[in-house]
Every structure is written in structure tokens, then in C-alpha cells.
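Chain nomenclature is as follows: A, B, C, D and E, assigned in order of appearance, with residue numbering initiated at 1 for each chain independently.
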Amino acid sequence: MIPVLLILIPLLGGFASFFFKSESGAKSWSLLSAIITLVVSILGLTILNSPEQLLADAEWQPLLGSRFTVKLDGMGQLLCLLTAVSYPLIFVATWFTKYDKPNNFYALMLLTQAGLMGVFVAQDALLFYFFWELALIPTYFLCSKWGGEKRIPVTFKFFIYTFVGSLMMLVGILYLYFQTPDHSFSINSFYNLNLPYGQQSWVFWLFFIAFAVKMPIFPFHTWQPDAYEQSPTATTMVLSGIMVKMGVFAVLRWLVPVLPLATWAWGDTVAMLAVIGMIYASLIAIRQDDLKRLVAYSSIAHIGLMCLAIFVPSAAGIQGVMIQMFAHGINIIGLWIVVELIERHFKTRKISELGGIAEKAPMLTLLLVIVALANVALPLTNAFVGEFLMFSGIFSSTASKYNMIFTAVAGISIILSAIYTLNMIQKVFYGNTNAVTSTAKDISFNESLALVIIVGLILSFGVYPKPMLELTQSVADSILTKMSIKP
Amino acid sequence: MKIEYYIFLSIALFCIGIAGVLTRRNAIIVFMCIELMLNSVNLLLVAFSKMHNVAQATVSPNAGIEGQLFVFFIMVVAAAEVSVGLAIIVMMFRNTHSIDINFLNRLKH
Amino acid sequence: MNVSEILFYFLSVLALGSAIMLVVSKNPVHSVLWLIVTFVAITGHYILMNAQFLGIVNLIVYAGAIMVLFLFVIMLMNLNSETEPKKNKWLRLAGVVAGGCLLLVLVAALKDADKKGQMVLYGGGDIGLIENLGQVLFTDYVIPFEISSVLFLSAMVGAVVIGKKE
Amino acid sequence: MNAIIISAIWGVVMMFSGIVSKSNILVRNIATAGLLILLAGIVMDMSGNPLFDINTRNMLVFDNFGLLFNAIAVGCTLVYFLLSAPDMEKVGNNLADYFALIFFVLCGVAIASSFNTLLMLFLGIEIISIPLYILTGSDKRNLKSNEAALKYFLMGSFSTGLMLMGITLIYGAKGSFDMEVIALGTGPLTPMVGAGLLLLMFSMAFKVSAAPFHFWTPDVYDGAPTVFTSFMATIVKVAAFIAFIRLFKGSFESMHTQWQLIIAIIAAATLVIGNITAIFQQSVKRMLAYSSIAQAGFMMFALVALNGLAVQGILYYAAAYSLATIGVFAILIKLKDYTYEGYNGLGKNHPVLAATNTIFLLSLSGIPATAGFMAKFYMLSAAVQNGQVFWLVILGVICAAISVYYYFRVIQAMYFKDGEKQDVQTSLLFRWKLIGLAAFLIFLGVFPEWLINKLWYFI
Amino acid sequence: MNKLVTLIPLMPLAGFLINGLFRKGLSKSLSGIIGSGVILISFILSVLVFLEVKNGNNQLVTLFEFIEVGKLSIPFSFQVDQLSSVFLLIITGVGFLIHLYSTAYMHEENNVQFARYFAYLNLFVFSMLLLVMGGNFVIMFIGWEGVGLCSYLLIGYWFKNIEYGNAAKKAFIMNRIGDLGFLLGIFWLIAKLGTVTFHTPDNAGVFDRFSDLSTTDLTGITLLLFVGATGKSAQIPLYTWLPDAMAGPTPVSALIHAATMVTAGIYMIARSNILYTLAPFTQTVIVIVGLATALFAATIAIKQNDIKKVLAYSTVSQLGYMFIALGVGSYTGAVFHVMTHAFFKALLFLGAGSVIHAMHHEQDIRYMGGLKKKLPITHITFLVGCIAIAGIPPFSGFFSKDEILAAAWAANPVYWILGVLGAMMTAYYMFRLYATTFLGKFRGTDEQEHHLHESPSAITIPLIVLAILSIVGGFVGIPEIFMEGGHRLDQFLAPVFAESKKLQHAHTIEHRTEYMLMAISVGLALIAIFFAVNRFSKKPELNEPEGAAKLLANKWYVDELYDSVIVKPMLSFAKFLNNVMERSVIDGLVNGVGRFLQYGSRQIRLVQSGQVGSYVLLMVLGMLVFFVLQFFIKK
């Protein structure tokens, strides 16, 4: 029941939101719907946390052998929770941002949420593909209607890029579908077919391209900074906070367990790309003058680490990835909120034009510093747990014989991340105020509310990550058994 | 007479027709060349029908007759086509006092 | 080399020659006439193959009605060798070459056709006679026969639509 | 049989209706009524009690496949009438005759979807083609229309010539026009059968505007009055496809492997040329012409694969593609300016038109939850199941991605570009029809098997 | 008892939270009291704990399961044994004095900033306590990064000054580089042993199962951990951040960059002594690095004119001594020197602070001189500090340094020679500093001279206390040769280093040699002192240095070297990636596909010439191709 609700509430809420005339109406309605979703997902974690509640299954396309099967396992719950948490935060944080046709904006946002939820709960390949695209379409409209001045070509590039990828995935899905003895799309029959290596390896690449574009992994990443830069910040939050995780999630759910042999064989290649990407993105981030681009590249680096931890697998690493998906989602949304504030107050995102905000806005500075430190994975922040587990996982992984090298090189990105993050803090917040920033004032209630919640999450999960670890334990184990790595 | 002679003959006519379509600019001539193609087909059909008639005379006396009937239908269709085709050509001529198909290039790219 | 073979060769040469003339002759009127000659030659073949009905129909419908129609149209537009448009010679060459190649390919493909060497019956066999054709046409082939009426209807309507003054 | 007879009769009825009544509305309603009757007739046929019991001497076989397609075709025509019939009056003042011709075309469609001998195929195709020559040229004073008609006619009859030569060679080899007889015997292609098969393939490829026999399509679709382009590009084209697959599945399936390569090459060429050329178009009408070529490329997958999924898929594709295209054209007709700029600001000024048009375009570009996606899905899966032509599948998906480019240009124009408000009068009813159509497309997209099941429901 | 242990770190945390969250509401005195009070409390608690430990029952408190994945389990636990209890005393004790000092020193700041300062300071103490109390490497690492963060925050305390900001950034990043090494060491441990806990009741901890590690593992792990130590404890090559760190308020320099944080590396190695004892190669590396640092920093200190810079470099060099001790396996010596150094270096810094306070933030000793009369207490205490660091008996410095040198001699006389050379330089530059500052005549502006006066009691009391400690502090470790069982510290710490002791071949020196060594080192030191005092009290060097002096004054140009070898290339490479690789190559490729399609479209559509003739021609050609393919190729 729960997963169906998680999809339906935003879906219906979204459609309803189209028909609101007044801005405030649409806003409040969307916030309400988002909060209800959050409540439902929390219920799913707590009192309704029983197998029959977390599973829904119905006839869909009998002739093709595709069923409407949705199920919440640990990883799914984690990401659904992330989605459910982020939306209210986003709405609250951008409460005072003005959009023309606000009802459409919020409607599309909610539709995206529905698509995301669907991706995280789908247990049927065809259904998965449906939601995968459904999450994309509203985003396309959001970005190219409410984005920056170069929005149309940039968003279009983003769309085509991801679309090509997902079509490749579709071909892969079809191929696997015809390999299944009972011609079914259900994830279990995908898990059960043990293809010979030859077939696996090229299906692997079909899938991987799709997910690599989404994540994005090094050579396929160029759409991302532009897209983040051009999209309206609320959408950017969704893109970077949640949608990017779709890729990682999909790798964990649809790629690694389905094609373990190919994952073994190509693991080092992909890991190589990931490592290169991390260093590459971090170095570029150092040179960025635009806050949005800086955050974008830092996110590429973080995702690279997750990808690395997946393809140099080990018990700790896989679970680290899951924790980190959540942590990174929260942190980066926090960063975007700050960027949004700065852009709104000072009408610029240029780091070089800012400075000395700290003395005007101590509250903002404090919160930002905490979020930023979480972004560089300082201990007792949520990101530390994830990164620690991932690194130690990579280091102790038996899957690759280059594990130590990977760890060491990837470790450099820790230093680089410190460099660009501190640079940013220093240039933007410290020093003396200038013409632009002299008018700065501290943040308003709704923004500080959102940020405080985020900081709260960061610290609480940083100090006491146990619940999440327990949540993801079983999934991680099953994945590892699929990969025949003893957990 | 051996069948392949007829095959070659009508293929030759057919190809002459095609060549005509390719080389001429006058819509009517082009159309006539197409008619020529149709006729070459007719000829071949009749030849085949007679051939089958020979081959299966023992099975049924009417063997191979469908070939000739097909020719009959082809003629029917051809007649209809001609009426429509000429109508169009005339209409064309009425609007632009020319039937040169090379001038048909308002629509391109 | 009996009579019918001589006739065959004669008619074939006639058909091909006049067909070529149709394509090459400058004056549209001449083309029409050459085409008629071709048809006549083909009719000759029909007769030769004892397909009398088709022969006659061919003569009447094609060489007669249709060609006259063409002739009328050409007269009506009074086209002649002066007004005759000319493709530039490269395109013409290309056309001829393409046609020739197609001929070559087809001949090469069909030179050892599956029915190679089977005889086409001359003189005998009465499937070409009108009563047999009629019988079959109105029994087995009545459906297509009826349906072809639809074809004529549409052609008629079409001609009206196109030809009618606005 | 019902379909053929009723449509023929109704064609005649329309002819006379033009004479007796001067009111266009009446004529239009008669036509619509005729379609409803036709539909009813087909449904009766499908449910196994035809009105007329005629021994077709095995020249026509009314199987579920053909009948269901007939139903789809007539249904699409109905939608087409409901949306675009009023716009026919703008073309010329003999509305009734246009309707009559369309009914004759439908008769041809019925034949082409149920023929069992090459003779009926030939007649069916001709009955489809000849009225189309007329409709193309029906805008008599418009030189483009004339030109299109003449081009269409000349090349069309040329392809007829090819088809006849093909039929003849096959007759020569097999001694009959009957598809069962032709289908007999396997083994390597004999030269005559091979040549005939190829010639038939070419002529059919011409009819479905597959490369390299597609050249007539853009010019003709562009030149013809937009209303009739809509009809040609949808119902007629898919009918030709049905005939194509019926012919080749019925007659040459046993030798499939021997001509698969050729058809695959044709499909690939069609995809590439259609999509690439569409990118640069400035006129949406012409872009749609190329897009129809591209879509044809996808439908060719059915012929390449020639398996069960392909047969279901081609039916589904026919419905999805026709409906979406009809919708797009219905909106296009309303606009003054057929270039992309013509769409600027539509989203602001005419939200309903823009929204529905978006759905149609999404469907054409094959986005999930619209019928277009499942259509492409069936085609791809058919090809993947066949397993011989993965290169084609990959090419297909890449081309699908390319197609997004030109379809979304329209969406961009509608929503993200501002244009001066142009006076586009649309009745409320018209808008509701559009919404209905869009909803139906989404319904088909989410529950595709609602349609596919029809193949099995009726015996 | 356990509660007390948990309370020790919690008190500063509480102080941090109160001062941090309610900083707007708190008056200076209040936040000062809170800030210092919590530290005082935890000092008292530490004393209690210390006594407990002295009675021989160590504390192991597990609060909750921090990370638990598969077989790896990392509890959030505190462990208090002899070693950590000593550090607890140092941290909280010295920490309290410095808090007290700060209440006066930072008085010019406004309320909010004042509270912020104390919040940071408390947070630092909290992290430091976490570091020394942590029951496993991860908790230690948490503290480890935490102190790094606090030093970052405190160095950049005056955030409006970009220079300070950069210094803070440098400190943090340098530390991060070290931390990476530390982390990798931890990962290695996890990979090999699957645990990071020091000791577990069931003897499954790292230090219980060291025998499971191969020599390679040991060397690798210890080296990586040592990299961490070089970062935190400012050893070559990662020392350059410490002198810059003097940008922070002076008490911070005293607490963090002299007394406590920089000794974290020492603590960590002493903590994992057994691993190091088993990795001789690493030990050699440590000795070399330590020696190099000690001498190198000392040479630089000789020519510095900033009072705090001199002290900073002397800190670096003293830390070098501690590493020598660790390298030669005299862990007690290292800890002993940590303690004494904490006393006298804190004293010196606070004294310097007092001077700076009096001189209105003048830090250049060339503009001081003759402060003897003006600041009597500061002068006396400072002198004590100088003597202590110079290693003159019976001041504390003498005992600790002597122990180290003795151990060095035992290991390898060359070490001893270099060590003594360093000690001599130490004495020299310290008394150069002392003489230039306090002796001679005043060289500042009249306006400064007019305002010169002794600092308030909140400043002087800590000075006095620390001075006393620096004098008597050494007596906890009187060498055996003077008094049987005089080395209380050694006995106290014995259990911690027991394992290593077993493995080390005890190298004893007979008393004659030891007396001689002491005599030599003390003698040389005295010579250096004498030379320095009567040189610089007369005519201090005020002019710009040339030649070798210039080289030293500019710190051997190491910063410039790093800048041009590491920083600049990295930045330009990043620039290349950003401008060329990203924009042109990768993105260019992606866009190129699109452009190519556009172009192709423009070309292909020309085929659509509009000419029926050409259409048919193309069709025929197509047919030809297919025929040929079907009949003549595809066989």
C-alpha cells in the first residue's frame, strides 16, 4: 500500500495543482501534499513497516509478462525518505521565490516527485523504465521554462543526452527480457537469469551508459554543470539532490545484481573512470567562479566516489554508498539553499563579486559552514559515515587488485574538496564587505527553518548513523551475495 | 517458342520504358513510357499463362487462364489511371502553360 | 525456323525498335504513333499466342482509345518538337545508363530462370478465347470484376473533381 | 466483406449527397454516419456474423488481423473526420466528392487488409492510389497542389509498373497469384521469385515511403491540401504497411532469412534519412512529412522481424501513430503560419491546443505513458526477439533520440518562445475532442493490451 | 566513576553549546566564566580520574555503537589509562589557565565575538579530549579532525583579515593532507584486522593482535599514521602551517599550537607504540624527520624577528625532539617532554602575549627592548621559560631534553651530536629573543612607551603558575642516576609501554658517559646563552639581513618552493582542465555530434531536389544496388 501511496499522492497532488489560480493556493497545496507524502513514508518506516504494507502487486500487461509490482526494501525506503524529506524543505526554502504560472511550476515539481518515487519502488523493468522517463519529462519543462537565459539549449542537451542513455537501457532490458525463461520483466526473473559473460558484458554497457549519463560519470558529465547553472534553483535541488541518485540507485538495483559477471570484469574500467572523474571534477571546481558550477562539480566528485565504491565492492562500501546517497542528497540541498539565498539577495553568483557576508549574516554563515563541512565529510557529520565506509570498503575490497591505488588517488579528492570548499567560504563570507554585499541581511525565518532542519539531520545522522545502517544492511548483503562477495 | 525469349523481350521493353521515364521531361511522354512498361508486363503475363497452360494442360484445360485475366484487369486499371493522369496533366497545363516536369520544383528540400 | 518463329522475331524487333523510337523521337506526336506501333506489335504477339480476346482488347482499348486520348491531349496543348523540353545530355546519359544497367542486371539474374526452356504454346490452347475467359471471369473472378467498378467510380469522380470548372 | 461493400456503397451515397444537398453540415453528418455504420459492420464481421455471405473464391480472407486493422483504420478516419472534416470545405467546393473519394480509399484499405491473391492486392492498392492522386490535386488553383498531384501520379504509376512486373515474375515461377500457392515450397530463392519479390518489395516500399523510394513523400505531403495530407500520412500509409506485411508474411515468410538483409537495409536507410532530413526543416508541415518517413522506418522493423510481436506491434503502431499525427495535423491546419515560428506563444494564448499538441508530439517521439512509446517498444522488442539485427535496433534507438530534436522544437516554440497572439478560432467542442484524443492516447500508452487483446477476443 | 569520565569531554561541549547558541544574550564576564568554568570542572574531574588510574583501574566506557557494518564494529567509547590521564591533566590544566588568561586578553572584543571565541576554545578542548580519550582509532580521528577544525576557526578568528583567513585555510589543508595518511592507515588496519579498537576486554583489539600483522603491513600502517602525525605535529614536510598559524590570538597559539594540539601526533604514536616498536624502518624515518625538523626549525628561529614566529619555530623544533624520542623508542621521554614543553612553551607564549598586549599588538622584537623594568612579572616568568627550554638544570626542560638526548646517544651517537647542536641553537635563539626584548633600551615609539604597563592579574597569575610548573615540573622524571626510582612518570606510564619494553633490547649507558653527556650539552647551552645575551643586549641586529642570514630570515624559502612546485602547477593544470579539456574537448565532442547532424541534415535534404527525373533515377539506382546485393553479393 505504502509505495502506491507514495506515487499516487504526488501524482494526484500535481494534477490538482495545475488548476489552482492563485500562487499562494498552489504553493500551500503543494507543500501540503509534500508533507503528506513525508508522513506516509515515515509511517512506512515505523508503524506500517510490514512486508504486506510495503508491497503492492497488480496485473498490468499479461501478454508481455509485465506486472505493476512496487516494493519498498531498505534502499528504496532510504531514497523514498530522501525524496519525501527534500520536497518540503525545497518548497519551504524557496517559498518567496516568484515564478510566473506558479501553479504549473509546482504541479510539475510534484509530478517529478511521483516519477522519482516510482523509480525507487518499481520491481518490474518496464515499470521502472516508465517512471525513469516520467521523472525526466517534467524536469525538462521545469528547467526550460523557468531557467536562466541559456536554458533552452542547455536543458535540451540534458534531455537528449539522458534520453539516448535510457533508450540504450531499454534495448538492454528487452534483451534480458527475451533471455528470461518465462518472458517476464520482473526483477526477480532478471536476478535469476545467469547469462554467460559474453552476453552480460555488452548488456552491461547498454545499461551503464544510461546510468553513467544520469549520475554522471566522468566523460558523460558535461550536461550537468550547465543544467544546474541554468535551472531554477528549486529544480536544481531536485536534480542534484535526488535525480542524480537515481543513477546510483539504478546501478545498485538493476546493473550490479543482474549482471554480476560483467560488473566483475568491467569493474576496474569503470572504477578508473570514476577516479579520474573525481580528481578531474575537484580540480575544475577549484577554478570555478560561479557558485552553482562549483557545487555542480563538487557533486560530480562525490558521485564519482559512490560509483567507485560500487564497482570496487565490499560490504562496507556498498552500505557506505547507500548512506552517502541520503547524506549527499541532504547536504547538497543545503548548499543549494544557501546559493539560492545569495543569488536572491545579491543578484549574483560570482564568488569574486562577493565577500564579507559573515559579519552581516552570522546565522547564515554558521549554518553554511556546517553544511560545507558536511560536504567535505568532517567527522560527526552524516557525510563522514558514508565516505569513511566507502573508502574503507574500497581499500579492503577483494574485487579489484588496484584497490589501494584507487583509495589513495580518490583520497586526494578529500584534500581538494577541502580546498575548494574553504576557498568558497573564505571568498564569499570572510573578508570585508564590498559594494555588493554591504546590503546583506541575515536570513529569513523560512530559510533558516529549512537550513536548521538540514543541519539537524546532518548532525544527528552524523553522530548516530545506526538506524540507517540497519535499514540498508539486508539489501547490501543481498547485492553482495548476488555478486558472490561474502558480506 | 522458349519462354526466356519472352522474358527477355518484355524485360527489354520494361527497361526501355524506365529509360524513357528517366530521359524525357515531357510529362505525357513520361506517362506513355509508363504505359509501355505496363504493356511489357502484359506481354510477359500472357506468355506465362500460355506456358503454364502447356505445363498443366493435363491437370485442367483452363490452366494458366488467370494470367490472361490479370492482363484484363491491368488494362482496366490502366484505362482508369490514364483518365485520371491526363486530367491532372491537363489541369497542370491550364495553370502553368507547360508540361515540363523539370518546372515541377516549387516543392523541394 | 518456322513461320511463327520468324513472326516472333519480326514482332519483337518491331516492338523494341518502335519502343526505342518512342523514347528518342523529338516530336510528341511521333512518340504517340511509335507507341501505337509498339502496341500493335504486342497485339501481334498476343495473336501469335492465340490470346485473341486480349489481342483485340489491346488493339481497341490501348492502341485505340487510350492512345487517341493521348493524341487529343497533345493536340490540345499543341505540343511539337519546338516546344519539346530537353533534358541536358548528362542527365539523359545517366538515365540511359541506369536503364541499361537495370536491364543487364535483370537479364543476368533471370538468364537461368527456373522455367528455363519451357515452351510457350503457339496456335493451340483455347484459354485465350472469349468464352473461356468470360466464363472464368464471371464465376471465379466476379469479385475483382465487381470491385474494379469501384476503381472506375473513383476514377470518374476524380476526373469530375479535377475537370469541373470552379 | 462488410467493410468493402458498405464503404463502396457509401462512396456512391456521398456522390449523390453532393448533388441533392447543398449544405456542407448535412454532407458531413452523412459521411460521419457512414463511418459509424462502417464501423458497426466491421465489428459485426469481427464478431462472426457478416451481413453478406459471399464466396470470395478465396481471393479475400477476413481474418482478425485484417478486420482489426480495418476497425482501427475506420476508427482513425472517424477521429479524422471529427477533427478535420470542417476544414475540407476550405479546399474546394465539392466537399461531397472528397468524402466519396475517401470512402473509396477506405474500400481499398479494406481490400488491402484482407487480400489473399496478388490480383486483389493490385486492385486494392490502385483503389487506394487513384483517389489520392485526385485529393492531392484537389486544390486546383494552387500550383503546389497541382505539382504534388502530378509528381505523385507519375511516380505512383511508375511504382505500379514495378509491382506488376514483380507479380508477373512470381506468377511465372509459381503459376498462380494465390498467396497460399506462392507460399508453398521453401529453399533458396529461385531467380524469378527473387526478382519478383524484390520488385514487389520496392513498389510496396514506395507506397509506405521507405528510402530510397520515399522521394515523393515530402513533396506530395507538402503540396497536398493539409487536410488530405493528414489522411494520406496516417490511414493510407499504415494501410500500405498492413498490405506490405500481409503480403510478405503470407507469401514469403518461409524465405524470410533470404530477404531480411535487404529489408533491414531499407529500414535503416529510411530511419536515417527521415530523421536526419527532418532536423533542418523550417516548415512544420514538411517536417511532419519527414517524420512520417522516420516513423515508417520504425514500422519497417515489423517486416524485418516478421514475428508475432511484430504483427501485434504493427497494428498498435498503426493506431498510435495515426491518432497522434491526425491530432498534430488537426492543430496545424488551424494555424496560419506553418513554420515553427507559427507555434510561438501558443502555450500562453491557446493552452488547450498547446497541451494536447504536446501530448501528440510526445507520443510521436515515443515518451513513456503515451501510445507512441509502447508502439516503438513493440517494434524494438520484435527486432530484439528476432535477434538477427541488433545493429538496426541500436540505430533505431539513436534515431528515436534524434527525432526528439525536431518534435521538441515545436514544444519549445509553443511554451518557451513568445509570439504575437494570432487569431486561431477553435470551437469549444473541437478542444474537447482534442482533449479526448489526447486522453485516449495516454490510455493506450498505459494499457496497450486493451487494443492488442482485441486480436484474440473475437473469433 | 564512568560518569566522571564521560563528563570530562561533555563539560566543554556544554560550554561550547551555551556560548555558541546564546552568544547574543551573554555578557562578556558571563561567557568568560562559563567558558573557563567548564574547563576547570573537567580539570578537577581529570584529577579524580587520574587518581583512580593511579590506583591502577583504567576506565573503558562505551556510550553507543557508532558504526556497525558486517563484522566491522566501531563503538563510540572512551578509554582512560595512564597515558591518556596524563594528557587529560595537561590539556585541562593548561587549558584552564589559558582560558583564564584569555578573559583578560580578549577583552577588547565585543560580547558576541567574545562568546564566539570561548565557544571555539571550548570546542577545541572537547575535540582534544575526544582525541586522547577515544577508545579506538576512529574516535581518535574524530577528535583529530575536530582539533584541526577548531584551529582553523581560531586562526581565522578575525575573519575580516584575508591574511588570517589564508593562514587558517593553509593550516586546515595541511592537516587534511596528514589526515588522509592517517585515514589510509586506519583503513589498512580495518582491512587486515577488521577492527580499530585499541584494547577490548576479550583481547581482540588492535594492540592485542599486533602479531597478526606482517612486517609490510606494520611498516605501511605506521608510516601512514606517521604522515598524519607530521601534519598535526608540524614536522617536515608539513610544518609550514604552524608559523602562519600565529595569526590567531596569542592564547590560541599558546594552547593549540604549543601546548596541546601539536602534541596529538606524539600522543598517537605513543598510544600505538607497540606497532612502531615492531616497525624499525618507520622508527628510523621518524628519527630522521625529527632531527631534520629540530635543526631546520632552529636555524630558521635564529633569524626571526616576530616574537611569536620565533616561538612557533622553537615549538616545531621541540616537537622534532619529541619525535626523536619516539623514533629511538623512548616513549616516556617523548611524553615527558610533551608535558614540560606544554608548561614552558605555554608560559613563553603567554608571556609574549603579555608583551604584545602591553605593546599594543606590536610583535616585532626590533621595536621592543628594555621591557625588563616596565613588565617585571612578565620578564621574570619569561626568563624562567627561556631557561627551561634551554635545558638548564634544574628547570624542567633539562630533565626531559636530557632523557631524550641520552636515549638518542644510546641509539646512535650521531643523533646525540645533532640533538645537542639543536639544543645549543635553541638556547641561542631563545636568549636572542629574551635579550632583544627585555634587555637593552626601549626602541618603540614614545606613545607606546607611555602606555607601557604590567598586564592585569588575569594575565599574570597564569604566567606565575606556569613559571612554577616549568621550574618544578621536571622533578616527576628525575633520572635514575640522581635518585633511585626518581622517574615517577616512567613508572607511572610503564604499563602502557610494557609490550614495547619487552621487545626493545634495553640499552643502558654507564653513569660516567651520562654525566659527561649532560655536562657537554649544558655547557654548550650556557655558552650559547652567554654569547647571545651579551651580543644582543648591547646592539641587537636591526638592519635587514643579507646572505645566509637572509636565507634563514626567509625560512629557507620553503613556502615559495611549495608554492611554485605544488600549488601553482596544480592551479594551472586545473585551469587547463577547466578551459581546454572541459570546454573544448569533452563538451566540444558532445556538441560536435549535434553540429554534425545539423550539417548532415542540410546536405542530405539537397538530394530532395524537387525533380521527378532525379527522384526516379535515384529510385532506379537504389533498385540496382539491391538487385546486385541480392543476386551477386549476398551469396
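In this text, a contact is a pair of C-beta atoms (placed from the backbone, for glycine too) under 8 Å apart; a residue touches a chain by one contact, two chains touch by 3 or more.
What you see is a predicted model; the values in this text were computed from it and never measured.
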item: Partner chains shared by chain A and chain C (touch criterion as defined above); value: D, E
item: Graph distance between chain A and chain E, where chains that touch are linked; value: 1
item: Any chain in contact with chain C as well as chain E; value: B, D
item: Per Cα centroids, the chain farthest from chain E; value: C
item: Geometric centre: closest chain by C-alpha means; value: A
item: Selected pair, greater C-beta contact count between B-E and B-C; value: B-C
item: Distance between the centres, which are taken as Cα means, of chain D and chain B, whole angstrom; value: 27
item: Interchain centroid distance [CA atoms averaged], chain D/chain E, Å; value: 78
item: Gap in Å, rounded to a whole number, between the CA centres of chain D and chain C; value: 32
item: Where chain A and chain D are represented by their mean Cα positions, the distance between them in whole Å; value: 43
item: Overlap residues in chain D, where contacts from two or more other chains coincide; value: 119, 123, 126, 130, 133-134, 137, 140-141, 151, 154, 158, 169, 172, 191, 194-195, 218-219, 405
item: Per-residue overlap in chain B, given as positions that touch at least 2 other chains; value: 3, 7, 17-18, 21-22, 25, 30-31, 51, 55, 63-64, 66, 69, 73, 77, 80-81, 84, 88-89, 91, 101-102, 104, 106-108
item: Where chain A touches two or more other chains at once, by residue number; value: none
item: Touching pairs among all chains present in the structure; value: A-D, A-E, B-C, B-D, B-E, C-D, C-E, D-E
item: Contact footprint of chain D on chain A as seen in their complex; value: 61-64, 129-130, 133-134, 137, 141, 144-145, 151-152, 156, 159-160, 163-164, 167-168, 170-171, 174-175, 177-178
item: Footprint of chain D on chain B - complex, ascending; value: 3, 7, 14, 17, 21, 27, 30-31, 34, 37-38, 40-41, 44-45, 48, 51-52, 55-56, 63-64, 66-67, 69-70, 73-74, 77, 80-81, 84-85, 88-89, 91-92, 95-96, 101, 104, 106-108
item: Contact footprint of chain B on chain C as seen in their complex; value: 4-5, 8, 12, 15-16, 19-20, 22-23, 28, 31-32, 35, 38-39, 42, 45-46, 49-51, 53-54, 57-58, 61-62, 65-66, 69-70, 73-74, 76-77, 79, 84-87, 91-92, 94-96, 98-100, 102-103, 106-107, 110-111, 113, 115-122, 125-128, 132-133, 136-137, 141, 144, 148, 151-152, 154-156, 158-159, 162-163
item: Residues on chain E engaged by chain B in the complex (per definition of touch); value: 605-606, 608-613, 616-617, 620
item: Interface residues, chain C side, partner chain D - complex; value: 106, 109-110, 112-115, 140-144, 147-148, 150-151, 153-155, 157-158, 160-162, 164, 166
